[in-house]
Amino acid sequence: MPGNSFGRRFVVTTFGESHGGALGVVIDGCPSGFDFPLATILAQLDRRRPGQSRLTTQRKEPDAPEVLSGIDPETGRTLGTPIAMIVRNKDARSEHYDDIARAYRPSHADYSYEARFGLRAVAGGGRSSARETVARVAAGALAEQLLAHLHGVEIVAWVESIDTHEALAVDRDAITRAQVDANDVRCPDPEMAEAMVGAIEAARKEGDSLGGVIRCAIRGVPAGWGAPVFAKLTAELAAAMMSLPATRAFEIGEGFGATTMRGSTHNDPFYMQGDRVRTRSNHSGGIQGGISNGERIDLRVAFKPTATIFKPQETVTPEGQSVSFQPRKGRHDPCVLPRAVPMVEAMAALVLVDHMLEAASARLEDLKR
Amino acid sequence: MPGNSFGRRFVVTTFGESHGGALGVVIDGCPSGFDFPLATILAQLDRRRPGQSRLTTQRKEPDAPEVLSGIDPETGRTLGTPIAMIVRNKDARSEHYDDIARAYRPSHADYSYEARFGLRAVAGGGRSSARETVARVAAGALAEQLLAHLHGVEIVAWVESIDTHEALAVDRDAITRAQVDANDVRCPDPEMAEAMVGAIEAARKEGDSLGGVIRCAIRGVPAGWGAPVFAKLTAELAAAMMSLPATRAFEIGEGFGATTMRGSTHNDPFYMQGDRVRTRSNHSGGIQGGISNGERIDLRVAFKPTATIFKPQETVTPEGQSVSFQPRKGRHDPCVLPRAVPMVEAMAALVLVDHMLEAASARLEDLKR
Amino acid sequence: MPGNSFGRRFVVTTFGESHGGALGVVIDGCPSGFDFPLATILAQLDRRRPGQSRLTTQRKEPDAPEVLSGIDPETGRTLGTPIAMIVRNKDARSEHYDDIARAYRPSHADYSYEARFGLRAVAGGGRSSARETVARVAAGALAEQLLAHLHGVEIVAWVESIDTHEALAVDRDAITRAQVDANDVRCPDPEMAEAMVGAIEAARKEGDSLGGVIRCAIRGVPAGWGAPVFAKLTAELAAAMMSLPATRAFEIGEGFGATTMRGSTHNDPFYMQGDRVRTRSNHSGGIQGGISNGERIDLRVAFKPTATIFKPQETVTPEGQSVSFQPRKGRHDPCVLPRAVPMVEAMAALVLVDHMLEAASARLEDLKR
Amino acid sequence: MPGNSFGRRFVVTTFGESHGGALGVVIDGCPSGFDFPLATILAQLDRRRPGQSRLTTQRKEPDAPEVLSGIDPETGRTLGTPIAMIVRNKDARSEHYDDIARAYRPSHADYSYEARFGLRAVAGGGRSSARETVARVAAGALAEQLLAHLHGVEIVAWVESIDTHEALAVDRDAITRAQVDANDVRCPDPEMAEAMVGAIEAARKEGDSLGGVIRCAIRGVPAGWGAPVFAKLTAELAAAMMSLPATRAFEIGEGFGATTMRGSTHNDPFYMQGDRVRTRSNHSGGIQGGISNGERIDLRVAFKPTATIFKPQETVTPEGQSVSFQPRKGRHDPCVLPRAVPMVEAMAALVLVDHMLEAASARLEDLKR
């Protein structure tokens, strides 16, 4: 498989450059008979959309997808056939893309992309754009609703830190998307949210950018999803998150914090809660040996500061000339974190739906009926 | 694809439970005509082997693989057909595996594995064992030699920290495997290595265990390997590392450190070094937009403290009884880090060889000859 | 992988029901830098289109695809990113589709499709429609041009028989598409073509339908494409052809005829033609042990008579009632053969381009540059 | 995926050259908890084995496989982990393999294989050997038992013709393997069987070889297995069969015979048999639109005459010299058909088990429990 598909059973293929005709996604492997959750898809796309608030880029993107196939027009249910959705690129190629033609923008994909494809990134580089995530968010929202409908799974992500501002007092067992969306920065700690907003505004004024951390809590995953070797939930969640633009690190459970704990403090004791096996602590983040243990899945993803800044930077042209580069003023996020929240949720859902489908026929007794 | 294969072009499939007849690997997609690097494979397997030093488990495993196919017996060259290697499990099922039959060991895969497969982990759980990595290390050593032969790629990993002891002053551009192997703990900072050895010995005496961080430097990867969306080098390296037992976090470049930097400090300025495009700094860790930029690839992997400890712990039996669990004294590592070094190198090589093969036919001109 | 993708390197995913919003295709794995052959694509789509002549269904389908991604709008070259094309379904769901709602049409997919997806075929069954092949023909035309550009491969298919009318005297080494298209039935033997036209007209008058055989000659494939086990060229060509609607049989070389030959008459002697290894005969049809030997590839595909006929037939309703079924007069081919010619060419091209890409990095020396 | 794996859910990877250390197979995706059917595997391997009768090659191969993984040694049940089996090559490289070194044997894979891999076929060419099918027959026997256990599926193949001797009066609804095995040639028509034996003996005396046709009847497949586009049952069965050595053609249902029928005679009328939808005739061979309709699946596979004959033949050496080639007297089948019967059954089982697993989670209601 070339690299534009994700998943083994619920296979998502995305296409489209950020400034070509359209972005799109094909989902192959969705079970038939499911009420297509268009409202959820639109809601998640809206959360991903730039221009939601003064904090994000002002670029206007009408992200309502057109559904081309896979849904019964009469019943609104999935047909079991590939579901294709496209989103037109209305916002045509504009002046600031001339920047790309002038020089390799530092810490963008311009140079590495050209080394890979032998082509300038102006047109094709759009695959490296965060706009490609429209397709994933749409597919992820469908996956999320399947998980919710069949197993009551809840996936909630939020901004845990921006720069050095870190929200710690969030109840991972109770936090809701409504609480996350209570402010523009999507940090459910109101005090910290205010500090983050201030930091983003300051960075924008300086023409600089900020990074941060998104945390995701996944509740309701039953024990027994995952696999013990290459398809560990941890491995596939890591790949999912690190395939998002600007990601630099991934943690499950205690993450790096586990490295300074002892076995005696990190191990999660088992106990019985009624007839259900539970753990007293959840340092494992809900995944042991690559397989869910029925506890809340906890993960974190680090995003670097946006590469686009409005300061002069040293770089070179494709012809090998040293130049000072500064983009023209345009519409760019000084911080992608708030908009990345639904992206993290989408990728988590895509991993989990795959394992839900796999677990459905894993044991001989699952096949007897 | 079920979950026991890794890679898209150089596809590695592993099989075998830790206490079944044999472990093995099949490698499909290795080009024909390459001198099979048996010595490198044996050397890496030896570095992975338990019982190398007093720091690791004393279990003796004769890990020399038998090559069943794929190599021309006359020339010693790869045939272009699947290469199968097996390693017999000589060290049969022993008393301490009775522990598993008694109760779910905390933070092992026992419970989640049983939830997945409907079977007790005694026999099958062996897929969750670190012993499965024998197969990967063998395959990875072959991949590494292909990378070295064709592109001069060098992959060197080492123990950067154990518990709170952290080696910082390592020259990532020059560090060699010989330097890494200069001490038992595989930390190339002699002073820190000594502290680490002390910490491991102390933990062993207490019946406790330690975690830590492995860092890996990859030199010589040309610009242009990788892909812009799901098959980003970052995503596939993350999946590769997080599929290793006991891993909890992954970082590329600055990792979490990037989240408190600004775009103006994190961006890597480009300059010309002769006719080669280089970056002044390497905060990106050699990968931009999922594609290599020709700089050193820097990554880090966090390992949790070993789950096996010799202290009483709360747990439950499969029948739902609460019990206090303490394993019988056996052969277990209080710290897996030193042995995990070749595992990290192997998984890095498997990701890179895939992208090397993909890059070889990515552009129209690559196909003209 | 679910079942809507084809290929391992040049991966084609199709989507769309025949009466939904649009049909489409995503091609992942096309090398960058190739002049997108829009004219060839349009030409092949036109040959596939219904309503080309009085022999085919009169349904009008404006099959010009919209290219959504993967092509540089400035240079018209492939970007190395997924190429998505869609074709709108202008011809909306019409009266004769009510037939499907009434009863399972004999020898259509209505019943088996419903058994598979649990849904009536009215909407979703459109995946079983020949209209889905629009997507394949578009992708195949791109593959064909890559093969032609890089290796001079020529793929020419034609109608060899309809009912009992069989064209034998066709020079497989010289036949061209222009010759094939010289008559409406796409049989390059003018006398037989006339008989075929007569047979089709007669069947149409009777409300009946006819089947036949398409032969395909593939010239210019170098020796060494293919694989010795599951990915044999023979196996993949068979799968490709048998995935087309209404196909019932596949032959390579002598096909069933080989079963009454002896080794001494079927074997193809080798000789040298200059410095090129050739065979005196070509009973093998250009493929030996699953790998091309440099001779012309010869294959044949059998198509059954169209299931739609305008005669009363016994069938049952979804509710289990026995009924006599006769479709309302509509637009249906009494014989799909002429339109299936470009489908066969497309599927052959998709198989070959995959092996062309695979052969490009199969040997160590291919990777040295 | 490189080309040594088959299947999408029950994935079979084979390895091993015919004269290397061992042949083997890894099966990934077998559900856990199934009694491993070792007796059936051994029985099918024994039917595949050369030297069963005077009709087949006298080469002795002790084909009992060693099971290396995936089976619980205590319960004999599948663990849900990869099942690896190997068969040692005891019969070492012998004198008649020197023939291969001398010249390209006509209609063997020697030349095309060398063109593909850049290596002489002496060692590696073993992948083209019928011996590779040991691995498939072992995997297929497991798949067959899963199908039988869960759905009562029965797969019976037999020799329908050798040369011009064709058995027609076989009751496809009742024929058993015991009846097939009643004679050495595996043709359940005793009179024809005698003629076939005579023909094979005569060919052997002449140093010549014969081809023929194997027919396979598959009973008990429920309606609804398969897929409407690329993963049609017809397409995958065709690929499966055409991946067997020496195959030249494939038919489903009426096959080429359908091309001279009319829609009115080929269509299968539906009727109700109790509450089950049945067809009056079965020209479709149990598959409509790529999906099973619950009727018996009928297929045929054509095998060419064995390439090895003991007559002088024109050929060339790798150095480009014209030579007359005649193999030394050795152990070769003048006709592979009798031994190919279990191979056809195995490949049919591998296709069907994949679709059984896929059908188990295809619809929303399948996932509710």
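Each chain gets a letter, A, B, C and D, in the order it is written, and its residues are counted from 1.
Just so we're on the same page, a residue touches a chain if its C-beta (ideal position, glycine included) is under 8 Å from a C-beta of that chain, and two chains touch if they have at least 3 such contacts.
Nothing here was measured: the structure is a model prediction, and the numbers come from that model.
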| item | value |
| --- | --- |
| A-D or C-D, whichever has more C-beta pairs in contact | C-D |
| Centroid comparison with subunit C (C-alpha atoms), farthest chain | B |
| Length of the line joining the C-alpha centres of subunit A and subunit D, rounded to whole Å | 45 |
| Interchain centroid distance [CA atoms averaged], subunit B/subunit D, Å | 39 |
| Computed distance of Cα centres, subunit D from subunit C, in Å | 26 |
| Touching two or more other chains - residues of subunit A | 1-5, 8-9, 14, 32-33, 80-81, 116-118, 127, 228, 362-363, 365 |
| Residues of subunit A touching subunit D in the complex | 1, 9, 31-34, 78, 80-81, 150, 228, 356-357, 360-368 |
| Touch list for subunit B against partner subunit A, complex | 1-6, 8, 14, 104, 106-109, 111-113, 115-118, 125, 127-128, 132, 161-164, 203, 208-213, 222-232, 234-243, 245, 247-256, 258-264, 266-272, 275, 277, 279-280, 283-285, 287-294, 302-309, 311, 313-316, 320, 322, 334, 358-359, 362-363, 365 |
| Residues of subunit C defined as touching subunit A within the complex | 1-5, 8-9, 11, 13-17, 20-24, 26, 28-29, 32-33, 66-74, 77, 79-84, 86, 116-119, 123-124, 127 |
